[in-house]
């Protein structure tokens, strides 16, 4: 007898809990520090120095009172602002076919040592990826690895957030450098 | 009798719901691609050209070695940095009463074609809206539509995230342009 | 008989699952406007004016056509871009031991009144904190308090988001100012 009534009761409970389940939620899962997506890219920066216009991918556009727009300033380039449109490649070869462009700006922001701050986007428009990833953060470039934030994304990277680890993969004087970027997304939509 | 079978049934249900609870995760709801809020605005940019100080809403503040701060540079304005304080309107009329200000900076960041990168805020302080919306992203302005990220907000837009679609609604030479911004919020608090 | 014992069992299960639902779920919690972490810091900005290189922590690096890189421009400094590396302290004393550096840029972006826009990071590397907090937003600095966005973080502040309230704690002419920053994190990982 009891059991007769209990079957509907059970269903009621299941139903109730399903609804609860719908509103409640798994943040914990999502908030795990296991990335939901990982990608590795390289990008290549060739600074305009007055003589390399054809190959240059970036240019000094701001400088302190003691600087100019052709040569990076004294005092660890403190105050230099650089705008860039750098090719992104899948490996560390500048001449590999670019898969996108890294576009934005960086600044040198300390008198005493080299350190930088970046705000830029990875822009993709290929069969592999369409959309953009937006980044911002401090880049203390004398450290082996530096973490910046993935602050948003569009297209294939819609609403993404994460952390990108930068490594200086190569540099040649003050004209060329190559960064390796390990992107870990922790919010994927 | 009934009860004999029901105890395992109950455990089964509990077990099932625990698993459900772990995986079900309503994130899906929250992470749906249906915006939780949508807004459309226009903003209007009048670049200082040496002669229009009274009407100008923006000024060139950075330039490459081959440029200056009165005229946008050759090579698709590559390297120009512009600071702006542009009126926001609800329709496409520059002379409509502004509902807020778009404030921040944009850069031109490619030698070969016109393309831009933006970091700015919409600042509202009216009966309709109080607070700010913060944006960042690449603006390949020759495309009909371009998506940038809503990276945060304050006041009425507290902790918001989303995607904003930019459309060039009008431009007049190199002095005036008007952008239409369709904002879709996917995280509302 | 069975049924007599089962009703309490069912309630127990419901109760248990409700509790589970409360903790499992945390979206609702997380979206509460109760911060998951709060911090207060001060940072100190000393602008290079041509004579104070040793003490200066920031420098004018962009200016409108009517400005230069040694003196903040007329018209409420509209168009000035400043790069900074400012000490962060726990109290309002410039000479307290710095606990980190505030690094990035600010711009003055309105002709008619003083108003600013900021994009920067707090960089920590001490026993107390390791990692960075990234900020962006409008700073209408004539207001007593202004809210900007915490757009991301790394290290101890991994994936953080929130709102930071800025207050001008002191300023001396156009050379020194001190900001108090009340950071409220609403997304903690």
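Order as written gives the chain letters A, B and C; numbering starts at 1 within each chain.
Rule of thumb we're sticking to: a contact is a pair of C-beta atoms (placed from the backbone, for glycine too) under 8 Å apart; a residue touches a chain by one contact, two chains touch by 3 or more.
Owing to the predicted nature of the structure, the values given are computational and were not obtained by experimental measurement.
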Between chain A and its twin chain C, rotation from the CA superposition, multiple of 5 degrees: 120
Same-site or different-site touching of chain A by its copy chain B, using the half cut: different
Chain A and chain C, separation of their C-alpha mean positions in angstrom: 20
Cα-centroid distance, chain A relative to chain B, in whole angstrom: 18
Multi-partner residues of chain A (each touching 2 or more other chains): 1-3, 6, 10, 13, 17, 21, 23-27, 61-62, 81, 119, 136, 151
Sites on chain A touched by chain C in the complex: 1-3, 5-6, 9-10, 13, 16-17, 20-21, 23-28, 31, 33, 61-65, 78-81, 107-111, 115, 117, 119, 136-138, 140, 147-151, 161-163, 186-187
For the chain B and chain C complex, residues of the former touching the latter: 1-4, 6-7, 10, 13-14, 17-18, 21-22, 26-27, 30, 48, 50, 56, 59-62, 68-70, 81, 83-85, 101, 103-105, 119-121, 123, 131-132, 134, 136, 151-155, 158-159, 189
